[in-house]
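Presented sequentially are two complexes of chain A, the first with chain B as partner and the second with chain C.
Right, the complex of A and B next:
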């Protein structure tokens, strides 16, 4: 019994681990009003009015879903919010529209070709909404028991007890199911549905019978009736899968387990052709509906000339998604050639794109962003400190400024202060070098470092 | 849906005999396939299964309508969720005059259960007074004849943690089964299965 209790505690810790603060986790949308005009500060976005308005129009285009294979290039200096805008677009599109985000360097892999990686990325960005009759389990959770071996390694064992108004059943859980139950934070009193074939869990809400469990509940808590009848039902469900997922399921050599391991390898073109035919057939029968999504390629200058020419061709396909690329390069060498081109992208592809520039932030905007980040990172900061931090960000970079938020807040906490003051910022500024000071330091003390020959080969960053 | 007997007549059938088991395969066209197993001593169907076709995955499984469920050692299934082995399971086993359902792992006394005909759903509804078990049992044999189930034909017994529900076959069903059996007997069995095997 004691071990079970210990397991429960560990489980609670594990579930809280999921919510971490990333560089763009404060972004909840594009911050546009109904007429697609950008609000100055909204949904975590600040400034870049014209770029956001432009992406708002792209958003409209994606939602309409009629235009295939357009490319948009977000071009701007480092730290001007290109990735933020793409993240915002993903948030604005919502769950149902596929949004694939990748970095240009991701396509270089030993396991598959560059074009295969690009094809997979493109097919990941096309959703198919399928109506299908599937077996689901719908009930109120009576109890979740998850036990792990005392050694900490090995398979976990789990039991789930579900009930309806008429019956109650104990289910055995497999490893994947335990993980998704922990991730969804399913607890007793929740009303959930589980798709038996895919193992997907959906929380419908909390049972009315448990409405008095807590004095305070979050606003989002929805109360529902305990389901009636049998636990297991056949229901017509609508689910969205991507073309890539269908490919993987149907590629004989791997089976659908590959979806979880992520190890898909190359998929034969015949399989893809067959899937395309099948999807077209479903569309005609009215069983399926296409949802073209968005493929976002960050650091697009890392692609080489072969990828660019492949993209040229791929964008002409009517199944192609909207491709958004971002780069922070100026006129530079196209990878794989000796030619120079704007943004490191060949002119013929550039010609097919609409280019959205982002510009450096104003001081006022920097201040807004920093204060939003302070809130996101749970850090109280005095007005003066924020002013100093804004100045630092203006002179060095916004990214460096954001790094100082957490560090200075930790320094402030050490002296048991309620909020971060100018002193803490100063201390953090002295402790951590920004890129400019680091370069200067290197220049001053160069002879004391290793490999410091004057004629050292400069790093090739293109 | 057309009448069952004519469907059976028009289906592409093949069969084979193994000891006292006769296995018949029906292909109804448009992807519907069914397999029946007859006991040649009693001429009773011991197993009936339908091929399942699902949209995305090319490979379908068999849905057992009658007889014991196939043991599934498929590892893929273990990744998700399945009923615990201590939970009630329904199996079907027909006799010459009765349709029969056996629900194992039901430890409650017989007063707990009620089996009621639901006219609207054309099925039997199993309920327990302690709200532990509930099941809607369809009766495909009657569905094929467009017959309405009647409460008088239902009988339940409880033995060895098993609830046995019997439903007396109506006259029309007995008639139909006789006709189908005649059809089945017309098929020439393929000879593999009982070839002379002489292990050296």
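Right, the complex of A and C next:
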């Protein structure tokens, strides 16, 4: 009995989570308490207390939804948790607030212009909440009576008796309803819903009370409980759609095809204007709520001067989302110009932003992060090994340290050990170069490589 | 005993339970109203097929004979009243539910205070997104 239960649990584990493990998949939120103070280690976030607090305030701003068109810049060295903070913000916002994440270089595409790509990204980050209401009649069919006139022509009349667990009533049927009942092949024992506005009949399945243990039953027969409560119900459904989705529907006659083929192409400005008008009308009538979301642009220094001036303008719009950008560059050339500027962002745009710096992790924090990652990657590591790995991450980079977790765990598994020990880490460290050693190696053996030119190796990073 | 009544947790539980009971009562009333509305409708439909000029009606425990037209009018009136009462109950249940969720520290249900979009607009959306 116990073993059977255990087998069942194993089965469940296998089927529920087949998600792949990404670099930031351990993050579940910003790890703040009620007063927006950052807890040291919480929800997968470690350290970066001041940056997390700052983003916590941004989160509050977004939740209240009062302020639109603000820009936030996350600036810091590589591997200081900029993307982690953005991921955490997305997780903390929940599924209802639109969050669009893009890399700066994504806007360069042959299919659409740069500004079009930016506009789409912006409109993907603005949600519209609408409510749909319908009156339905839902119940189990007790009896259908349909009387055809003896002559075969003329109007048919019929009766439909429906019940729920609480009540039962008779409906007289008109000709149209009789037709759709015949079409749906409704018979006694079915559970059906009738949409009052359109008269559409939907069969939900057979009632459990009518379930018989026959040998030959159709496979599709679905058994459902007899509905509870009233027969006549009001159904309210709230949808959250983004402006971009509405754009796409209206820019094509077969909107839904465009949604799934992924080829949306450029959307005409007239369509956008129409949508804006319609949404404004809905808002005035109290039919819609705007949800300004978050647009996250990683590697923002990859945008060029045209995009920056476009962003400048787009942020002025009252329907603009909150834009969060991240960069790891210092003073560098603005793409598309010969001018240098901090973070590769023009000064006028920089002036509009609030800048949140991230700082390199302390050794203690590195250890915390690595142990969280070990857990995420299902890898048992001894204390000594973790200390060595922390040391390595401190000297090289956190990313390299995280790579070593999986590689050393595979090495440990090969020697059939239950947990990763110092020797596995050492072996992985010897097998795989970090960036520093790779550069050193190249410097030493440069002569032996092909097409090697002395001192011409300066990477153009703009 | 006096002490217990002044305790904060007691007060809290009292509030939550009263509100929840209110909602249950409202639901019950709605069910009754809906049931009687169905009965009125059935009666009205039955009268439509009747040729007699006068009809017997049971009001409470008394039978009265009134002209058929007047009976129909009374029934229609009752149906309209029931509709209005159910509408009101719907609204009050909704606001009470919001209050209850606040008391229980559950997240707010967003968007249910909006006016509904028209049926045509809803249909267009469903066409685009498939059946939601």
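Basically, the second predicted complex is superposed on the first by the 337 of 462 C-alpha atoms of A that agree within 3 Å, B and C clash if a C-alpha of one lies under 4 Å from a C-alpha of the other, contacts with A are read in each partner's own complex, and residues count from 1 in each chain.
In this text, contacts are C-beta pairs under 8 Å (C-beta built on N, C-alpha and C of every residue); 3 or more make two chains touch, one makes a residue touch a chain.
All figures in this text were calculated on a predicted structure; none of them were measured in a lab.
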Going by the contact rule set out at the top, does A:160 touch chain B (first), chain C (second), both, or neither?
first
After lining up the shared chain so the two structures overlap, which partner does A:173 touch, if you call chain B first and chain C second: first, second, both or neither?
first
Quick check for you: in the superposed arrangement, does A:72 touch first (chain B), second (chain C), both or neither?
neither
Applying the touch criterion given at the start, work out whether A:58 contacts chain B, chain C, both or neither, answering first, second, both or neither.
neither
Return first, second, both or neither, reflecting whether A:194 touches chain B, chain C, both chains, or no partner chain.
first
Of the partners chain B and chain C, which touch A:287 in the superposed model: first, second, both, neither?
both
Considering only the touch criterion stated at the top, classify A:243 as touching first (chain B), second (chain C), both, or neither.
neither
Check whether A:137 is in contact with chain B, with chain C, with both or with neither, and answer first, second, both or neither.
first
Counting only touches as set out at the top, which of chain B and chain C does A:411 meet: first, second, both, neither?
neither
The shared contact residues of chain A with chain B and chain C are 130, 132, 166-167, 169-170, 172, 197-198, 229-230, 241, 249, 255-256, 282, 287
Chain A partner, complex, touching residues on chain C are 27, 30-31, 34-35, 37-39, 41-42, 45, 90, 109-112, 114-117, 119, 122, 124-125, 127-130, 132
Listed in rising order, the residues of chain A that touch chain C in the complex are 96, 129-134, 166-167, 169-170, 172, 197-198, 229-232, 234, 236-241, 245, 249, 255-256, 259, 282, 285-289
Please output the residues of chain B touching chain A within their complex, sorted ascending.
54-58, 76-87, 127-128, 131-136
Touching chain B in the complex: which residues of chain A?
130, 132, 137, 159-160, 163-177, 194, 196-199, 229-230, 241, 246, 249-250, 255-257, 260, 282, 287
